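These notes concern the structure reproduced below.
Order of writing sets the labels: A, B, C and D. Residues in every chain begin at 1.
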Amino acid sequence: MEQFTGRVWTLGDDIDTDIIIPTEYLALKTIEEMKQYGFSPLRPELAAQIRPGDILVAGKNFGCGSSREQAPEVIKALGIRCVIAKSFARIFFRNAINNGLLLIEQPDLYDDMKEGDTIAVTVNQDVDYQGKRYPIASLPENLVEIINAGGLVKAMRRRNGIG
Amino acid sequence: MGMTIAEKIIARAAGVDSVRAGDIHTVNLDRMMSNDGTTHLTVDMYYNKLKNPQIADVKKMVFIVDHNVPSDSAKTAGSQKKMRDFAREHGIDFWEGKGVCHQIMMEHYVCPGELIFGADSHTCTYGALGAFGTGVGCTDLLYGMVTGTSWVLVPETVRFHLAGRLPEGVYPRDLMLTIIGEIGANGVNYQVMEFDGEGAKTLSVNDRMVLCNLAVEAGAKTAIFEADEIALEYLRARGRKPKAVFHSDPDAIYAREYTFDLSKIVPVAAKPDFVDAVVPASEVCGVHIDEAFLGSCNNGRIDELRVGAAILKGRKVAEHVRFLVVPASREVYLQAMEEGLIQIFMESGAIVMNPNCSVCWGSCQGVIGENEVLISTGTRNFKGRAGHPSSKVYLGSAATVAASAVKGEICTADML
Amino acid sequence: MGKIFKFHNDLDTDQIIASQYLLLPTIDEMKVHTFESLDPEFPARVKPGDYVVGGENFGCGSSREQAPAVLKALGVQAVVAKSFARIFYRNAINIGLPVIVCKELPEAVQDGEEMELSLTEGIAKSGGREFPCTKLPEYMQQILNQGGLIASLNRRSDF
Amino acid sequence: MGQTIIEKIIAHNSKADSVKPGDIVTVNVDRVMLDDIMIPFIVDKFHEMGFTKVWDPDKVVLIYDHLVPASQQDDTRHYRVGDAFVKECALTHVHRSDGICHQLMTEAGYVKPGDVVFGTDSHTTTYGCVGAFSTGIGYTEMAAILGTGNLWVKVPETIRVEIEGTLPESVMSKDVILRLIGDLGADGATYRALEFTGTAIDEMSVASRMTIANMAIEAGAKCALFSPDEKTAKYCQTSLDGFQKSLRGDEDAHYLQVITYQAEDFVPVMACPSQVDKIRKVSELEGTVIDQVFIGSCTNGRLEDLQAAAKVLEGKTVAPFVKLIVTPASRKVYEEALACGALQTLLKAGAIITHPGCGLCCGRTGGILCDGERVVATNNRNFLGRMGTSKVEIYLASPAVAAACAAAGKITARI
């Protein structure tokens, strides 16, 4: 079972896609140019503080709002290992999976979580926070297939007989 | 010793009997206009740089938001808010989104004989009504606002004698571009262009605005027509009275004189990147365009919209072309709606925008991208003026611009 | 002594500072975009005391006072040109940026060379040569001497 | 066992007798909508996936709307990328300056009742107004559809919303959907389909239904569905076939939840900063000073919206120092509003009327605000920073309320 640990940044309920990456920056040419503006309406300093391997923990309805796939891409480009939230908005969820960004639904962790602390994640099993274990569910099979392929682009490349 | 119209206006404003070119005088300003291009800086200086902030006469002040409207960023909005709050606090006439500043000034304020400072170079437009309007920076504007006065170096006057009448399909814009092409981008630097002759009598106030507006592109301090019956009628229709109607004396001194025969003018275009790079429009036909612009303080009035609509009627804008139509003011926009012109533009596939400066000043709405080409009725075609530094701007008449929008490349109206 | 940054004839205000930056809140935020279309490195390379040299009709175009203001904010000592466009000239003096008409110097010097300028003598020196400059009318010289129009206004007792 | 509308559409599309919530089904896509913000990313992914042609060019619609007119030089790059893709894949349905994508998809006849449609914009839920299953997806999935013509979906559970009676005169369908979002919460319908019925819904124009379907996403819904009726048929310029006529929720269908409203109970409401589900009665906010009003967007930029605003502003003027920005949803809406005089009325009142497009709603131009400013807007989102800095306060309202606020210079329920 895949395991990893990471430092946690906490965000609240209803973190919308305009917060994750404002429309103003959507027409920048690359995700690399965009990522510095990640979360800027809410926490302008956050993007610069995030280090590869860090984990986001949030409340309910993470990623609500627009269908902009730049949102999960920016989070991934910032080096976030996974996002754990009470619940995710639908389009964001699909987009994240398609880009190979791991999302985990967990109803209780957020309420107990303190920013800056470290957690240990065992995929499809649980999250360990200061010795307390928070169970997490397995992903549906069709999504596992996409993730195992390394995201939708790679799955399509395989379908088309390349890469 | 005789004086020109410009000299008489300055003498009146200076409270002296006569002035001569080269004199420096302190003058009372009749009115001052400031737009969102610089007013935020003026306001900052007012609060932070003045020992005794005060306004000599708020009734002389007009603030107009026209350059970036509606706002394109929080910083723009912040600068405009500063201006709006200042106007509200001090009781200054404030216009926002109602049109390009010079058009609003002409529709609502300018009177013959006035000396007007505007924090915009195209303030020279007001000469169409026999006023002395000239562009200044925000420091001059602030000084004027605080003291009600300013200093002027009396400019020499250059006389442009207009003969004959423009042929069908040739417009005042072709005439003025031709003049600038001939005398050069600094051909009348520090000087006043005075237009007279029987050709001048064939021109409406709208036409005169087209000429005066572009005077700064030849370096002029201002341009001026005598306030004749045509000008006074324009004024009467708007319920205003002249401050003073001046005529140039027969023995007034002119630095130079030119004569232009209007009947000889042909459709012209200014090539990138200078307003004086003027050639017959036929020479640039065939140049591929990405965008066409009909509007601006130079060419966004009902006359030009009529010319454009007549060409667009029953035709479609070329698929790859963005054709921006931007009425110069709300009054123009409403009239164009009532005359059915806007409907024609919309049916043709044009982009009809709210009255503003649009792509003429290269920020906000309608800017062009890398290597793109624009044909424009705007005021300038400087390098990168309309957007990306690698983009190109050609200037032409409303007819040439509208025809080019249809064809997808530069062409004159007779080629459709 | 300062370094020369040389520009062409008919240099317009859009090149000095482009429209899209004019509504930024302060001159300091604008100045990093000075000459962006012609020489994007200019704001980083120019040092206080350097000179901008132009040809004919320097500063033609709009009345944007941001144009001389960004040059001054970057520490440009003076602008020397064969001739100036009217509004730029007036704006520069109003904010206390010396603008010097000198017919010969712009032809005789190259970009990157050193020069120095004596405002009181009306003489520019570069490469061992001296170039006479046109003196300002006294009225304008006074404004300049007082540090610009606002400074002169603040010295007046009636305002 | 009866079926809900969404179950009927997915079953019909996948040629199954029936489907049930939770089933994962691959659907054949009837139409896709690509917008200008996303097009460079779609094209990149499409090529990266190794596709060389679009499965069916006739089923692809490309619309430039967020970036029209261009407010930044680089915006034009999106046109160039889009135009090149049009050429490469021989696309024929392209709109470069005709208005907002969601308005055009139904207005220009690209979506019919019962269709399955995906778009690269979250408000793709709008087409449920004509009984189509439509929802927003990301650009990677869009690229995959362009290559394959299909997509997997999980059949959602359905929440049924019944509204009986007649809405008060001061209430528009915007007030209905805002109230519903407030009651459900911003994630109250996540992964679910919303289905609307009742006499008040029957009475609504297609345009009013669009407002509701458009904002379903703000409660997290996957889609929102209205049964096609004669109004729908007329709007879509079609006659309904047997399948389309069958698109009503069956009596014995399984609903996760049924929410019932009495139409007479609705009042004008607003969504307060900065959550769409923070709903208050307008009367409770009376007197709050505002700086700007925006009437437009795919939510509320249609003819009936402009007419409602014009009716309120007839003979009045916008309050001093307040800006009213009106952005019609499409070229056709603009032309109709011009023909009926609504535009002139708004212009005379002092409105700034822009070219049709997304305008301020997408937060790139069209009236961006700054710290400390407050705006009443008819669009769909009031998120933090959506229209400028995070210190801008956005109140969402109906066009009638928005117009009244513009005239008063403050929030008012007195329409």
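The working rule: contacts are C-beta pairs under 8 Å (C-beta built on N, C-alpha and C of every residue); 3 or more make two chains touch, one makes a residue touch a chain.
Since the model is a prediction, treat every value here as computed from it, not as a measurement.
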Joint neighbours of chain D and chain B, given as chain labels: none
Contact-linked chain groups that survive once chain D is dropped from view: A | B, C
Furthest chain, CA centroid comparison against chain D: C
Geometric centre distance via CA averages, chain B-chain A, whole Å: 54
Centre-of-Cα separation between chain C and chain B, whole angstrom: 26
Per-residue multi-chain contacts in chain C, two or more chains: none
Multi-partner residues of chain A (at least 2 other chains): 24
Shared interface positions of chain D, touching two or more other chains: 72, 74-75, 77, 364, 389
Chain-level touch network, classified as line, ring, star, complete or other: line
Set of all touching chain pairs, with the criterion as stated earlier: A-D, B-C, B-D
Touching residues (chain side chain C, partner chain B) in the complex: 10, 12, 14-15, 18-20, 22-27, 36-37, 56-57, 60-66, 68-69, 83, 85-87, 90-91, 94-95, 137, 139, 148-150, 153-154, 159
Complex contacts: residues of chain B adjacent to chain D: 69-78, 81, 84, 87-88, 94, 96-98, 290, 319-320, 322, 324, 330, 333-334, 337-338, 342-343, 346-347, 349, 351-354, 364-370, 372, 387-388, 391
Chain C-touching residues of chain B, taken from the complex the two chains share: 24, 36-38, 40-41, 44-45, 49-52, 54, 67-68, 75-76, 78-80, 118-121, 123, 135-140, 142-143, 146-147, 151, 153, 185-186, 189-190, 216-217, 219, 221, 274, 361-363, 367, 380, 382-385, 389
Residue ranges of chain A touching chain D (in the complex, touch as defined): 14, 16, 18-19, 22-24, 26-29, 40-42, 60-61, 64-70, 72, 87-91, 94-95, 98-99, 140, 142, 151-153, 156-157, 159-163
Touching residues on chain D, where the partner in the complex is chain B: 68-77, 79-80, 83, 96-97, 291, 320-321, 323, 325, 331, 334-335, 338-339, 343-344, 347-348, 350, 352-355, 359-360, 364-373, 388-389, 392
